[in-house]
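These are the structures in question, set out in turn.
In the two assemblies presented below, chain A is common to both, partnered first by chain B and then by chain C.
Take a look at the complex of A and B:
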């Protein structure tokens, strides 16, 4: 589904990612974990097309999407759910969700897509007329995820969906992610909450200072001594 | 008497609101202070004048015929003169560039049509109707109603269509809008084009009730800026409220003070709102 081949990326002169290689198969849910400032968000932004990599290639279903602007990568089937619940604050909940069907090919499915998201997050349906900026943090996160799902994407890039949420809410969001993965959605999940992410995903990558330092099945990574002491505090 | 002043103030206020909407939307989405706005109004007035004078087409119809031309004009100005400005220096450079374009158009208008005052005299220009003891001229009434319809139409466009929502989303968060599939560059060009069309249409609608001359734009751009500041940057409902306030304030000033006081009401309101409520009368958040 997604293949990243040795990319370098960053912001202008600031180099952040060095020679990143990563692969996700169709239907897989893969975790990307690492400390603050490691470059996780930078990698997702590069895949989504918000940053153009200075080296390497990004393939989506065997075609290069490297250097494509975000409005084109989204048309190719990538949904990026940004860090920090970037909802359109002055628009209503439903208007936010409808932005997820902006692409022409998704417009005819508007009603079904809304139904699907409202079934996943009933709270959003109760508040569909409310201004998004006045939702609670958890509700905004549900909205950001829901809006991404409205795009009926082939690949979802989720940037820290659990950040700043109460454990109960994290569990309910993770239940939704698990269910969607069960239905065949391909996901790259960025998390600080390593334990949680690795329990959900079968495979993971560990990134530190812009480089992939470890990859493999989640159990192996959880057993690693370094990971144990750095991320799990054991 | 006071009711009739207020009724007339509201009627002109509706036209002022239409005048300001294009400006507020352009500022909201692109943070561009568009000094060309007044000249777009002026060009709209002359377009209505020429089509009426030469072909007898009523301004109320010709505004729709010329709209596509003004859309193209706005898009070209944005694409070639404003979009290339680096993001850092956008606000100030775009102000200077649009000011320069204004001068070019105003001077050209002077060259083409001379400094004479022109009027569009419709067959019913002298007719009046009486409503709650208020004498209302037919052209003013039609212009106001048309403005009201266009404001409502624009509000519906911004709230109910994909493109309108994309314009608002772009205004709120460009990056996230682009991830949703919005071509932000194209939306910016189109928004500028729409802003110019709204200004030109307001000009056309105004032409039966105002004198037309090459430098008329500067008069209107001040009113439009006042309304935008009154109603809050980027807000359509704010422009409506601000337009009516300005219209009524001018009507009151010209009756109770002196006719010449009318045009400084805009400045007084402008300074007053900046001093006491800089976020606009409806409050700070970018509402539609």
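Take a look at the complex of A and C:
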């Protein structure tokens, strides 16, 4: 589904990512974990087209999307859910979701998509007329994910869905992610919450200072001594 | 168009028609000062509405509206000076030329975002002022240009004419804002203004919407400049590109309610007459008054007067 071939990327002259190679198969949920400032968000932004890589290539279903502006990559089926629950706070919950059907190809499915999102997050249906800015942190995160799903994406890029949420809410968000995974939604999940992410995804990449330092099945990564002491504090 | 969207437009039209009869009720000949204030209010409504479309609807804060006003004012003045055009005829062109300038300014300024965009518009406005000052052979530099408006369709220029023209121009500005607000586009403006990255991730071409807002805004600001130079009869760089044309619309929009159609109108109608009367008694002290009002609003009523009636969207 997604193939990243040796990309370098960064902001202006500052190089953040060095020679990143990564692959996600159709229907797979892959975790990308690493410490603060490792370049996780930069990688997602590069895939989504917000940053143009200086080297390498990004392929979505065998076609290059490298250097495409974000409104084009989303038309190709990439839904980027930015970190920090970036909802449109002045709009209602439902208006926020409907913004996900901006693209013409998504408009005919409007009602179905809304139904699907409300089934995943019943809380959002209860609050559909409420202004998004007045939602709790967890609800805003649900809304951000739901809005991304309204695009009926081929690939979801999820940036730290657990950031700043209470453990109970993290669990309910992860339940939904598990369900999406079961339904075969292709996802790249970026997390600092290593334990959570690795327990959900079968495969993971570890990124440090802009380089992939480890990849493989989640169990192997969880067993690694280095990962244990750096991320899990065991 | 649905019933819901037609109603505010009809109300606007009726208000404009009714207000147009004002010169028959209050004689412009004997109430010159009053009509001067009416004119300033109308023109300021147009300018504040123009700023609000870009800054309020689309969330792109502009510090460069003085530049647009100046370009519009000089378009009318120079077409009159060099080609002997009637300033009235040149008015629409003031909007068009300013829009063309905005195409250039937008292509530069929108490379930046947020506060950096705002600062670049300030710089670009100053650049246009410097051009007006420096290009003496074309603009007469700091000497300025005299504009003598003459009659419009054999209606002699005077209080009544200025009033009606400025009233309908303000009405045109409000209509533009209203049409945007009632359309789907207003949601995309809001999304781009509130969170450009999130908007981009949904496939919204944010650049397109920012440019649309800028073009509409600059067109209206250019017309404001044009009608100002017709009314004043004289334009020079320091009056045309006066920073007040940037500060005042921001201030009035903030007080009235940013991002609403009626906000800039209410802010202007309430404060400009008070400011004008204040100014005539204590020159420049009206700025002090404006300052105090702004501080109070920013601290206690950040959503402005319209924010007090939260439910209404317009």
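Here are some notes:
Everything below uses one rule, namely that the second predicted complex is superposed on the first by the 234 of 234 C-alpha atoms of A that agree within 3 Å, B and C clash if a C-alpha of one lies under 4 Å from a C-alpha of the other, contacts with A are read in each partner's own complex, and residues count from 1 in each chain.
To be clear about the criterion, a contact is a pair of C-beta atoms (placed from the backbone, for glycine too) under 8 Å apart; a residue touches a chain by one contact, two chains touch by 3 or more.
As the structure is a prediction and not an experimental result, all values here were calculated from the model.
Taken together in the superposed arrangement on chain A, chain B and chain C clash. In the superposition on chain A, contact of A:56 is made with neither chain B nor chain C.
By the touch criterion defined above, A:10 lies against neither chain B nor chain C after alignment on the C-alpha atoms of chain A. Contact with chain B, but none with chain C, is seen for A:107 once the two complexes are overlaid on the shared chain.
In the superposition on chain A, A:80 makes contact with both chain B and chain C.
In the overlay built on the shared chain, the residue A:137 is in contact with neither chain B nor chain C. In the superposed three-chain arrangement, chain B is struck by just one stretch of chain C from 22-30, 130-138, 148-156 or 238-246, namely 148-156. Chain A residues in contact with chain B (one complex) as well as with chain C (other complex) are 48, 50, 69-71, 74-75, 79-80, 82, 86, 88-91, 95, 99-100, 102-103, 147, 151. Chain A meets chain C in the complex at residues 48, 50, 69-71, 74-75, 79-82, 86-91, 95, 99-100, 102-103, 144, 147-148, 151. On the chain A side of its complex with chain B, the touching residues are 48, 50, 69-71, 74-75, 79-80, 82, 86, 88-91, 95, 98-100, 102-103, 107, 133, 147, 151.
Within the complex, the chain B residues that touch chain A are 159, 162, 165-166, 168-169, 172-173, 175-184, 285-288. On chain C, the positions that touch chain A within their shared complex are 187-188, 190-191, 194-195, 197-206, 259.
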